[in-house]
Each structure stands twice: as C-alpha cells, then as structure tokens.
Amino acid sequence: MSFQRPNGRAADQLRSVRITRGFTIHAEGSVLIEFGQTRVLCTASVEDKVPPHKRGSGEGWVTAEYGMLPRATHTRGDREAARGKQSGRTQEIQRLIGRSLRAVFDLKALGERTIHLDCDVLQADGGTRTAAITGAFVAAQDAVTKLMATGKLAASPITGPVAAISVGIVEGTPLLDLEYVEDVACDTDMNVVMTGAGHYVEVQGTAEGVAFTRAEMDQLLRLAEKGIAELVAHQAAALKLAL
Amino acid sequence: MSFQRPNGRAADQLRSVRITRGFTIHAEGSVLIEFGQTRVLCTASVEDKVPPHKRGSGEGWVTAEYGMLPRATHTRGDREAARGKQSGRTQEIQRLIGRSLRAVFDLKALGERTIHLDCDVLQADGGTRTAAITGAFVAAQDAVTKLMATGKLAASPITGPVAAISVGIVEGTPLLDLEYVEDVACDTDMNVVMTGAGHYVEVQGTAEGVAFTRAEMDQLLRLAEKGIAELVAHQAAALKLAL
Amino acid sequence: MSFQRPNGRAADQLRSVRITRGFTIHAEGSVLIEFGQTRVLCTASVEDKVPPHKRGSGEGWVTAEYGMLPRATHTRGDREAARGKQSGRTQEIQRLIGRSLRAVFDLKALGERTIHLDCDVLQADGGTRTAAITGAFVAAQDAVTKLMATGKLAASPITGPVAAISVGIVEGTPLLDLEYVEDVACDTDMNVVMTGAGHYVEVQGTAEGVAFTRAEMDQLLRLAEKGIAELVAHQAAALKLAL
Amino acid sequence: MSFQRPNGRAADQLRSVRITRGFTIHAEGSVLIEFGQTRVLCTASVEDKVPPHKRGSGEGWVTAEYGMLPRATHTRGDREAARGKQSGRTQEIQRLIGRSLRAVFDLKALGERTIHLDCDVLQADGGTRTAAITGAFVAAQDAVTKLMATGKLAASPITGPVAAISVGIVEGTPLLDLEYVEDVACDTDMNVVMTGAGHYVEVQGTAEGVAFTRAEMDQLLRLAEKGIAELVAHQAAALKLAL
Amino acid sequence: MSFQRPNGRAADQLRSVRITRGFTIHAEGSVLIEFGQTRVLCTASVEDKVPPHKRGSGEGWVTAEYGMLPRATHTRGDREAARGKQSGRTQEIQRLIGRSLRAVFDLKALGERTIHLDCDVLQADGGTRTAAITGAFVAAQDAVTKLMATGKLAASPITGPVAAISVGIVEGTPLLDLEYVEDVACDTDMNVVMTGAGHYVEVQGTAEGVAFTRAEMDQLLRLAEKGIAELVAHQAAALKLAL
Amino acid sequence: MSFQRPNGRAADQLRSVRITRGFTIHAEGSVLIEFGQTRVLCTASVEDKVPPHKRGSGEGWVTAEYGMLPRATHTRGDREAARGKQSGRTQEIQRLIGRSLRAVFDLKALGERTIHLDCDVLQADGGTRTAAITGAFVAAQDAVTKLMATGKLAASPITGPVAAISVGIVEGTPLLDLEYVEDVACDTDMNVVMTGAGHYVEVQGTAEGVAFTRAEMDQLLRLAEKGIAELVAHQAAALKLAL
C-alpha cells in the first residue's frame, strides 16, 4: 500500500498553482506564485548596466537572488542580513535560479542590460526553489514585455518558457511536487528544471536516506515531465491576462 | 497657498489604512499593514528563551528586526544579506521598533520568553517604519492572545496599544503621514510613537533642509496626535475581527 | 521633593564645559570637549574629494564617525574594530552627528571636498553624543578657517553654530545635561540639537520607562533651549582664542 | 564526426587515476587523488565531539570542506581566506561532498564523533569535485580503520564505497570524465555520485548551452555508471595496499 | 658627515618622555605616555575571568589591543571599526604588546583573571608600538597595585619592568628612538623590548632598503640598551608619584 | 649536558632540505620545499598590473600570501576561509614573506607587474615561515627566468638570493632549524632572514619563557648565519637543474 498524501492529493498531482502578476507596483515584473501554501514573491528589475565580466561584450546578464523571510517557516530562522552572510543553501538556490533563467535567454538579444530576479519566500511549505523558478519566468517575461513596449528591445530575447518542479520517493511511492511534510519524510528528492519544449535545464537528485536505483530515477523523471507541462500551461494562462 | 497632496488628500488626513491579520500561516501573529501603497508584513514569533542579558531574570524580551525587499522601492536596492551587513538606517529602524513595542510590554508579566517582531517591507511608499510599529503591535497582540489561549500566560503583559505616524513640513505646510514624494520634498520630517493613552514613546524630528521652529514643532505634534488616535482605532477594529 | 543631583548641581545647570582647541597636531581641526567627566576628542579632516553620490555635483560633503575607547566606560566594552563591526548604537550616533553638522553647512559653498568629523570618546559619563556634536562644530570651524586662510575657500560655507544637549526626567524632575548615573535612572531621555538661532535640527526623545506627556516634553524642550544657548556661548568663547 | 579528446582519449575512458594513501603524516586518513592533471589532497580528521544539532543523539557526523589553492588554476584566483568568505561555488561543492560521504555512513554506528573531510585542490584540470568525493572516501576509510585498530569502534560504520565522476556532451559527443578544456566547451555537464552497489547518491546535470533531451541524459548516465564502477575498483585496489 | 636630527637631538638621545598616570578615571590603570609628539593612551582593565585556553588552569592571562584614532596621523586613515577589520599591522603590534607584557608576568601568581591592555594612539609621530609597551607596563603596574590594595592579590605577579624602544640607521647613522620623518627615511628599523634586568624579550629588525650587517646590528643593539635603561628609570620615577 | 635532538641531529645541523621545482603545472614558478617533515608549496604568479599604491609609478610589486591546510598540523585547525578571516599569525607571516622577498627585488627593474607568492603549508613540523621564504625565492626566480625567456624582461630584477631559518634555545642549548617538538620546548625562538651576501633582512627574536641575554643572541645569530649559507647553496643547486 502506498503513502497517503495530505488532502487526498494523487501521487502525480500538483498542488493548486496560483500566479498573480503585478503583485507589487515598482518592479518591471512582479509575480506572487503559490504552490499550495508555498508563496514566493518574484520580482524582475531591469538595470541598464552589466556586471564586470560582461562589460563591453554586447551581451546582457540575468541573475537571481533568493531569500526567505525569517518567519516564512514553522519555526523562526535567523535573518541572513543580521547574521551577516547568506547560507550555503541560499547561495545554492539562487545560483540554480539564475542558471535556469539564463537557459531561456539569448543574452546577445538582451543587449548590455541586467535583469535581476529577486525571489523572496513569504511562506514556505516545500518546493520554494521550484516555485521561485516558475514564478521568476513570468516576472522576467513581464519585464521583457515592458522593454519591448517602450521600444528598448525590438525582439524578445526569451527563447521559450522554463519551469521547475520537485519529485521524490516517500515510503516507496514516487510523488510529484512535495510539500513540507513529504519533503521531510522522503528518501529521494529531485528538483527538475525543464523548458517548454520538454528538454532538461537542470536535474538535481539527492538520496536523503538510501541510494536510489535507475528505475526509480526514471519514474521520477516521468512525473516531473508531467508536472512541468502543467506548470508551463499555468504560466501561459497567467501571461495571457491583461495586466 | 499651500502644498497640494497627491489624490487630493487633506493635510491632516491619513492614507487609507488596511490591517490584514493572519496574512501568513506559521507565525503566532502575522499582519499585513498598508498605509496607502506602503505594505509591511509584520510577524510575531514566540521563542521560549531570552537573550543572555535577561537569562535568569524572570523577565522576557521583545525585539524587532526590519528588512526591505530589494525591489520594494522605485529602483532596486542591494540585498543586505548579500552585502553581508545591515545598513545604519536598517539598524536604527529596528532599534526604534523594538523600543516602541517594549514600551507597552510588562516584561515581568511576559515571563522568560522572547517575542521576535519581524517587519519586512514588501512595497515602500514612505512611512515604512511607522507602518511597521503600528502593524507589529497587532501581530504582538495576536501572539499574546495565543499564549493566553493555550494557557501559557494567565494575564496579558500588554499594557495598551502603541502606534506611530510620520509628520512633516512640505513647502511650509505641515502634513500628516508623508508618502514618498512628500518625504523627498519635505524640510522637516518627524516620526512620532504614542501609546493609546496619548503619551509619547518616541519623538524623532529631523530638519532635512532648514532648521524648524518651536511653533512648527507644536503644529507637527498636534497632527501626529490626531493621526495616532485614528491608527489606534484601526488597530482596535482589526483586533475585534475573529481570526 | 525633587531628585538631588550629584555635586549639588541645579536641575537646569550644565556640567562644567571645557573646549580645548588644537588638542592634537595633525588634524585641520582638533578639539577636546569636556562636559564634566565626559571627554570626547573631535577632529576635522579635510579631503579633496567627495563620496560617489556627490561626484561631479559641485557640492561637498560633511560626514562623521564615532567611536568609544574600550575602557572609556565603567566596565570595559568590546573594541568594535576587533569584533569586526560597529554596533547599531554607534551607527545611530554617527549618523546623528553627520546630519547635525550638515544642517549648518552650505555644501555648494564648501565645494567638492569632504570634511570628516571623527568623534572619539576618551572618557564617558553620559552625554557623549551631545558633547561630540558640540565639539565637532568647533573642529569643523577651525578646519574651515584653515581652508580660508590658505585661500582654498573665499567665503565660509558655515551658516551658523550648532550644538546639542541631553535632557531627561529623573524621578519626576526634568534635568538638563544628564550624567551617567542620571541617564541610567531616567524615565525619559531626550537629545536636542539646535542652531545658534534657536531652531531645531534634531529632537530625539525616548521614554525609557513610562511614556511621557506633552507637558513634560514642553518642560524638557525649554531646558534644552537654555542649555544650548549656553553651549553656543562656550563655542564662541573658545573660537575667539588665538590658536 | 565526433569530438577528438586530448591525448587520443576514448569518449568513455577515464583519465589515469592515481590514489596515494598516507600522503601527509598527521591526519587519520590522507589521500592524494589524481584524475589526470587534477590533484586533490583529501584528509580525514577524527574529532571526539559532534556539532550542536547532533549533541546527545548518540549519532556521529561526517562533514566536508573544500578549497582550492590560489594558483591551482590557469590564472591565479583570490584566496578565499583573504577575501573573507567562501564563494557560492565552494559552498555548493563542500555541501555535495558532505552529503555524498554521509550516504555511505551509518551515523549511529559511528558514535558521537565527527569525521572532517578536507578536500584541497593542489592542481585543477576539471573534475575537482568528483575527484574530491572519490578520494575523500578512501581517506574516510583509512580513518575508520584506525578507529577500529585502536578499539574505538568495534564495527565499521561504512556501508560501502562511494565515488563520483563527471560526464558531459561536447559538440554532440557524450564524454566521460571531462578535463578542463572539455568542461569549458561542453553543452551539458553532469556530476554523478554512486555507491559501489550501483545506486545513485546524487545526480546534478546542468545545461550550459542548449537544454538536453531525455535520450542524452540516458547516454550520460550509462557513461557515468561505467566510470564509477572503474573508480570503485581503483579505491578497492588502493585500500588493499598496506600503509 | 652624519644625519642631522630634528631639534638638534643627539643620535643616542631619547625624545622627551612624559608618563601621566590616572589619565582617565574608570580603568584600573590609565596612563598617557608621550615620546615627543607621539601620544598613546594605555589602560589596564582587570576582568575576573580568563579566555577558554586558560579556564581551569589556575593561571591568569595578559592580553593587549592596539588602535590608532583615524586622524592620529598626518593624513586621515580609515577607521578599522568601520572597515570591519583590523589591519595586519594592527594585529602584529597588539600581539607584540601582549607577548612583551606577559614576559614580566607570573601568570600563576596572577590567578584566574585577565588584564586587558588597551593602547590607543591619540597622536602618532613614530614609535607608537614602543611607547605603547612602555606605557602599558605602568598601567599594568597600577592595576596590580589596586588588586593588592583591595586584598585580591597577596603578592605581585609582576617580575620586573619591561620597556621598548626603536632604533634605526638613517643615511648611515645609527639613531635611537626614531620619530616619523626618520622612520620614513631609515634603511634599517629595529624595535627592541627588554626587561629592567637588561635581557631581551623581543628583537624585531627589518631592512627597509639595503640589508644590514652584523656590525650595524651590534651598534643598534647598544643604542637600544641605553634607551631602555633610561625608559625604565622614567617608569620607576612615574610610579613613585602618589596617584 | 645538552638537549638531545630527535634522530640524533647535531645542534648546528639543518633538517634534510628538499627543493622540488615545477611541482604544479600552472604557476610561473612552483616549488615544493621540505625542511624535514615540514612541506610548503610555494607558487609565483605573474600579473600584469600593480596594486593602487604603485599605479603609474613605473615600479612593480612583490607580495605574499600564506596559508595552512586545516590538517597540516597534529590536530585539525579551523579553515580560515570558512571562519571568514585570516588569523593575526597568518597575516604576520605573510607580511614577513613579502618584505623578505622585496628585499632582493629591484622593483623598478621589475616594471609595472606584480609577483604573487602563495605559500601553502601541506604539512607542518616547525619552521613553516622560514621554509616558505626559502622556497618562495626559488619560485620567484623561476617566474623571473620565464619573464626573461619570453622577452618580457631584459634583465633580472633579482639582486641576489634570500633565505630564512629559525634558531632557538632549548634547555640551554642553542639549536639550528627547530622542528615542532623543539619549538614547543624552546625558551627563545628567533627567525632570521638573510641575503646570499650574509646581510640581515629580518631578525625576529622572541623570549617565550625567560628573557635572553646578549651572549645568547650572539650564539643564535652565528648558528643562523651558518644555516642560511647552507640554504642558499641548496637554492643554487636546485636552480641549476633543468626544469
């Protein structure tokens, strides 16, 4: 008998996904994305300069930062600004978000400007990094649309959508989109980032307990593929709405 | 002729105030407070221990931290966690919030526990520190109510409400509750923190341009008194709602 | 019956004030200021460049740093340089000193140069920030005089004197210029910065214990006004002496 | 036509692997591992205490730190100790090494002690993290053998070998064990960590340029499996030698 | 023809030495020492606990910190507290002061307490580290006298005086007690720390320009010996005065 | 009767010295130097720019950094990169290495380029700083030879060899080249840096226990002179080998 998910969710079912564009007013793109109880505010800010390694290259840059409000979680965590440094986990996640978004950007077509993606977790219930990637794409799209509307860009530097989802094995059952209680209980945890075309941008699988087999990996990859196709549809639906 | 405020607001009029309790699910108190376009998320977290200077004293502690999301503002600011330190401004504000809330707490009655107030600005349009204090009080009240409901506290350690508002002089006109464009234009800027009984907890007035006179200060203090009375009423109304 | 001050000082009496110009030899202005047992060394250093936010503006800058020798106090405090960061209190004070001095500087008339005011407490007995502001003004004046004497400035960018004093309520009695034992005992503590013309530059009042009333604030402001008039006279007397 | 590897290496061929145990004298385990020109010194140090989150749990801990000598690379990099912080890349790698080694440790059987694995790159030519994991296992094994020889452990807490290899696609050709020039040129880069039993501990695949397909991933996983089987044989051979 | 010193000072002549005890009121020992225009405030603070490496040893500890006010020098230097770290030079000097003072302390006889020596340069004109050591000894002696007067120590843990002086070769002439302009011009610079008995505690000689010969070193050591004998006499004279 | 050294070494005998050039492949100079069990990897890296204080001066710069692998020692030390700062000892040593090497460089002849000397201790058994200086000279020489071979320098900016050795007094016996157990036991410890011409670059003597006499210093200096002459011969022999 397999693991019973909270709220009777099916093993291959995403939590309810909500994407709210224009959540705050100042940023060129501002998206609140919700995967169930996980809520991440993703803003895209356009800056008309690039970091040193891109200066004079004619290319732009896309970069991300990630943060978690101290009480986004069950028990309060330290504020990283007060501690004076970002944790290894934070840095790992923001590097992942940055790479994932760059995978769908033609940096030459972007021109010498930077898009900063800030992903701040207001409420955490598992899957914050995958929600962040999925929401950051929508925010980036809105920022690009604005650059085109104001004539700063003639054509979009975005080559297609990108989204991410977690999958894992809990008590032998492969599950899609782990929420917190499942994440804690899982033996294997995998985050998958894919393009709208169904190709892989990142695969990060970790055995928390027992090492996993090739057969298990195949099951997880199939689940992820299904989930990401659904997320890409959610992104498309949200972007069709007038802002 | 006096200064015309945006949206035809009267000189002694607060922006629209909204207080949303239970904005996030994990914290003992979680309040989104809005002063017009300024939005601050205030959470209260209870921890069953106290900092070193209070250990063994039988007294509790109330402390605050303040942060601003990088794109809460018109142009993106550095993330303090990434820079590796909090600015002087941030520290000044969080010390102010902490002192203001402690002014209405009987720390002995709180017992050896700490209430952490995290005030994170999601969107800034002037008055973030005064919104933070006003919202933090509601979050603290919710946390105390929970401590009493679970029998951890027999009586409330809160001695009354506390709220804060900014006042300032723009082109010779004393104004209540400055929004960003007014804040930038003002000659004198004052933040006032008062109790529900109409007594002062903090007064911080700064001449940005010309030094101000005693008569001007008196005008500003009267405006602040009016604004705070209205904020205390907003707090009371919000707290009457079932959560 | 009212509170008895140490050494039979009257409630509205300053401690003995001593201002020693030319205390050290290298700085353009170097002043040891003493408010009773509180001793602060204030130096003014002129640098022929400005911070980034003023570059190319044609304007100068005035900035302050504050420090406390580890054993300036009753018990030894940590050395901030060894701990690797300045406390929130230190930053708050040095920001206050900087703003206070800028209030009497015409930055355009100063030209593109910076005056650094370093205020280092050699011995602390209450009122270090107010002594620092009062002494820093004299050091700044000496530096400006030197700039004029060497032909680097044709006219003074200083618009008038600035000085600061603390006032507070101890056991119900409003007192001028709190020394350490009074500071520890006081319910309300207010630092007031005023120009020679008797206008306010900064007012920072804090209720340490009970919140204070409007009537009490008025009493404190009157005391401060009296004290600052005396301090401005002390500054003038010191500046008349040949160096 | 496929990509020609340096030195005529076959696409599925490891670089020459050398494992030198007892490379330094003080550590409980000290291994120099070489994957071609990549050379990493891995030491295992046993400490008779555990970090706070394991205190009193009866369990031990295995943790790793990673560093790169400033001139291990083609051009000199900053010394992280001098810069005052470890880069995101360094933290990501040392977290990966730690997780990988913990995957083959029974922490209960280890008892309340910590094994610190220090992996320092003396010379870099691609694949430093996979060499580090593969070498750290041998160092850890030597440390455990010493604990058993001195009677501190009755049975080994190690459940089996663990090793790691990189695979990637360069100009369409899937390659095993990328060296630096290949790493720079590759479109897809994957690091795979597996146990001696052929199960996965970590899979981290990244599309540097174009996103990769499921078919490509399958090719890469097969190559990795082959490489790791060979590395596990190298580890076994090295460990059979008397020290 | 040899180098002409400022103010007609002889090659083997100290600058005027002034030792003012009780310079500040809070510290157990507080000494302003002046070597000509170099002025260092040395305080000794007694703390009734020891650092971790001495806990439970029955022994005490003597340690030093060194700082330079930003405008102690000709041009303003950065404030180390603001920069967030002490320079290598500062650390080198404070380690030297600590070792020098420990050389004349019987740590067992001191008991489990720490003497903190804070040496802060108010004005620099060469020789700040040697003035600091010489002054710190007097401050430490005053602190010990106080411990004995209050019955906390039965016998003095100090085994004898310690003092320090710089010597150097400028344009071929060996000079005692270099002031700033000489320090800048010198080829060889040596700091010598000796006990009252004429034995060496530290010798630190550095060739700034050309390497120096054994004969030159011998000349410098003789000069230093003479200077230190005079400094020890100054210390003794200062300590004979009633405080 | 005098102190018996480990392995029957004579009091005036160096440990076996090994100098391996070309130890790693990327650096312009790369030397593994061994003084008995002490092993330090010294690399010289050439960079075509200079630090700010040399820009536009036409002169070059030579600088050093020093590090110790965490388990180079008997018990594991903290990794400085992880702790976020270099210890005072590390800074003291790297400043000493830099000064020592600059003593044999004509910075004008070097031109506006920097030579970075990285000295990393792989295994420590006393004398790491003296081994580092002695090895860094060989690495620097190799880097200069490469600059001349590629036509970037017409003549060598090196004025002659430099080497360093430790000497000390253990149980009354003056010893050359202290190894760890002797270092721990010694009363007096001196590090001497000399040129090939037998002149002093640095002398740093410290009394660990009792202060030392002039006669003892003379004995130590004679021992050091002998040792350094032998080290200079070792350097010359190593440099004669084809690389």
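Quick notes on this structure:
As written, the chain order gives the labels A, B, C, D, E and F, with residue 1 at the start of each chain.
Here is the rule we go by: a residue touches a chain if its C-beta (ideal position, glycine included) is under 8 Å from a C-beta of that chain, and two chains touch if they have at least 3 such contacts.
Bear in mind the structure is a predicted one, so any value in this text is a computation, not a measurement.
Listed by label, the chains that touch chain A and also chain C are B. Greatest centre-to-centre distance from chain C is found for D, with centres as Cα means. Rounded to a whole number, the gap between the C-alpha centres of chain A and chain D is 28 angstrom.
Averaged C-alpha coordinates give centres for chain B and chain E that are 51 Å from one another. Multi-chain contact residues, meaning those touching two or more other chains, occur in chain F at positions 84-85.
If you walk the ring beginning with chain A and heading to chain B next, you pass the chains as A, B, C, E, F, D. Chain A makes touch with chain B in their complex at residues 24-27, 30, 37, 39, 41, 43, 45, 47, 65, 67, 69-76, 79-82, 84-86, 90, 116, 118, 120, 122-124. Against chain A, the residues of chain D that register as touching in their complex are 85, 88-89, 91-92, 94-95, 99, 103, 190, 194-195, 197, 199-207, 210-214, 217, 221.
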